[in-house]
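Here come two complexes built around chain A, the first alongside chain B, the second alongside chain C.
Moving on to the complex of A and B:
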């Protein structure tokens, strides 16, 4: 394969260094894994935030509801790039540092962790609202039936409300998670070596912007297609026979 | 009469400006079947919902099997394992099969052994004449079948009292019968039942006592023969004249 891409370069001038140069292949491979890791972890964390936040929104304790409302207002109404900078530069500056193995002082919280926190909170704010739309679609009478069977609020939430809400809001959840995967590229701004960041390094070295752009686009299309495929499988698995027909 | 299983004393309930219950009292002995009838908006559903604490009254006292339902510190689980409720709109959980609907609460709320519950649930499905439908989802069942699953679901909690809130009102006339037969079976086995209903014939045949409510009070109550044969209050006569 490396031979083919070397050939391609001499015959057409298309320079895909990542397919024949071991150094570029290695760093771009790591970058791809980094993007995958950032995507998967932020999707999972944002879902947890969404579920917990939507539950807290229905709490009887008003201050808890205010906290959730404030959180949503902040993270939905500010640009994700600004949030990323805020976490990395503002909060990163006041978190302690530790010496690494060669004695350099490095921040305890890595740029990857800050990116993960920022992305999860950003997408989580939207997920809270998405789950709320699903929860509000569950008829009050269905919840009452669960309560009549002795379920507590939390028990009814887990056994009845959430499973039904999930089914209602999966399409919009799907949208938000697709957006989240694409938004991981913003981690570039705080130096997380994900795909866009490393692609930029590679094209600065080898001046193959067009080639790397195409690689990037195709890989993101692939990642998002995979996510959408998984979400559709999930949607089908959760299908309720005979419901809504 | 022994201590009543369900005792309702001078219950008041208002929703905003609307006083829905204005001092309602009634007693139900173990094994008794009572029917509550009356025009819509007369508070009969609210009364039923007070019995299992879905609605908390402002004043008055309700006890069920020795549990003070109106106590400030009510343990809803203790109450609701004693009191089953069936709704007009069935309210099955659409994401679970019929059998799972019946089994869910005893397993996860009462923490009973899953195999025992399943055996009981299957027996109940047979009892409500739905053998073979255990694996069907609520969306695949007819209204009457769903309502019978809902009855089995309540019974699986092994309650002392069953509340039926206009359970046939959403059904077409042919399926009404299959649900009524199920309730009749239950009543004949000695289950204590409180029914809010518009099925006058059913009330006449099955009830031990009939209550007529209007505008938040019990206007008249009597055994069915007397109630339907010789209603005393003018409002009762007017209502019966309209529905019979």
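Moving on to the complex of A and C:
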């Protein structure tokens, strides 16, 4: 395989260093895993934020509702790149530091963690609204029926409202999660070694911008296709005859 | 349902990407050949009474514009000295890294002194005059509290850098440093002050300039390690001038600057810490008579 790509370089000028240069192969491999890790963790965290936020939105305690509304307004109305910089450079400046083995004060929160926090909160804000759309589509009479059977508000939310709401909002949830996977590339700005960051470094060293751009595009198409496939399988598994489409 | 996953659609998307992306690579054309010049550039320059020199306008303190708009810097002084020697007026043409070789090859300038590293690839495009007049490598800016003596001591340490710099890879590959690269200088400086990295891996000349900053901004920093991958800089004439009077004349100018120690003086006047390369060249070429 390495021979084929070395040959390809001499015959056509197409320089895919990641397939024959062990150094580039290793760092790009790690970058791919980093993108996967960042995507999976931020998808899971943003879903948790979405479910919890949508529940809190319906709370009787008004200040809780205001907090959720404020959170959504802040994270939905600001660009994710600005949020990334804000977390890393502005909040990073006031987070505690710990001394390392040679006495340097090192921040406790790494750039990866800040990227994960920023991405989860960003996508979570949209997920709250997406889940709300699903919850509002559940007929009031269904909720009342659950309550008349003795369900508490949390119990009805967990056992009746959320399962129905989930089915309604899955298509728009799909959209947001696809967007989230693509937004992980913004972590390059704060030095998280994900795929775009490492590709940028590789094409600066080897001047193979076009080749690496193609590799990036194909890998993101692959990752998003996989996500869409999983979500579609889930959608089909959850299908209830006579409910929705 | 229209959102359904379809292998055929994915294949179509792949095809479109390949067609759009790979095709331009295959269609790349070789660079345009240099324009022919008059037989002897040196006599033409003297005859016209003017010398057009391409210099940097954005690379303080080697070549930049001062607040009044005039060109200033070490390389600008070199160009002025060429003008004085020939008895001609010097016209400065601002060039940047991406167009400097084209300006020279197309005849808009006769001489280029623009912080250019001397590489085998570039020697095929322009006539790089020897000896080289300067040299730079990469080094690490470290807090004074960190007293390392060898690069190996940086293994596993976080270093900040600029994205796309050529030395990010050798620093990782040879010395095992963990390089965190940011998009610009301001981000690197912020990350440094927030202790996100031990030091800043950067061009050694630029570090020297920062350390010499009279505002004292980098007072608590130093550069204790030897520079790496020293690459000489070359001034250039057109390729066909290299072994003709103009190229040979410029070779003599550079050799004389090394011999007289003039380059060391200009470097000092520009506020740059003395570079080992200039000292070495001066020692090699200086007058053996006391």
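Basically, the second predicted complex is superposed on the first by the 236 of 245 C-alpha atoms of A that agree within 3 Å, B and C clash if a C-alpha of one lies under 4 Å from a C-alpha of the other, contacts with A are read in each partner's own complex, and residues count from 1 in each chain.
Rule of thumb we're sticking to: a contact is a pair of C-beta atoms (placed from the backbone, for glycine too) under 8 Å apart; a residue touches a chain by one contact, two chains touch by 3 or more.
Since we're looking at a predicted model, the values are computed, not measured.
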Clash or fit (per the criteria above) of chain B with chain C on chain A: fit
Touching partner for A:93 - first (chain B), second (chain C), both, neither: second
Angular separation of chain B and chain C about chain A, which is computed from CA centres of the superposed model and rounded to the nearest 10 °: 170
Chain B versus chain C as contact partner of A:214, first or second or both or neither: second
Touching partner for A:164 - first (chain B), second (chain C), both, neither: first
Which superposed partner A:141 touches (first chain B, second chain C, both, neither): first
First, second, both or neither for A:243, with chain B first and chain C second: first
Touched partner set for A:111, first chain B, second chain C, both or neither: second
Touched partner set for A:151, first chain B, second chain C, both or neither: first
Partner chain in contact with A:22 - chain B first, chain C second, else both or neither: neither
Greater chain A contact set [chain C / chain B]: C
Which of chain B and chain C A:228 touches, first, second, both or neither: second
Distance in angstrom between the closest Cα atoms of chain C and chain B, superposition on A: 20
Doubly contacted chain A residues - partners chain C and chain B: 245
Chain A-touching residues of chain B, taken from the complex the two chains share: 52, 54, 76-77, 80-81, 83-85, 87, 89, 91-95, 104-105, 108-110, 136-141, 150, 153-154, 157
For the chain C and chain A complex, residues of the former touching the latter: 1, 3-5, 10, 13-14, 17-18, 21-22, 24-26, 28, 143, 145-146, 160, 163-166, 168-169, 173, 180-183, 187, 190-191, 194-196, 198
Interface residues, chain A side, partner chain B - complex: 139, 141-142, 144-152, 155, 159-160, 163-164, 167, 238, 240-245
Chain A to chain C touching residues, read off their complex: 12-14, 23, 89, 92-93, 97, 102-107, 111, 171, 174, 188-191, 197, 200-201, 204-205, 210-211, 213-214, 217-218, 221, 225, 228-229, 232, 245
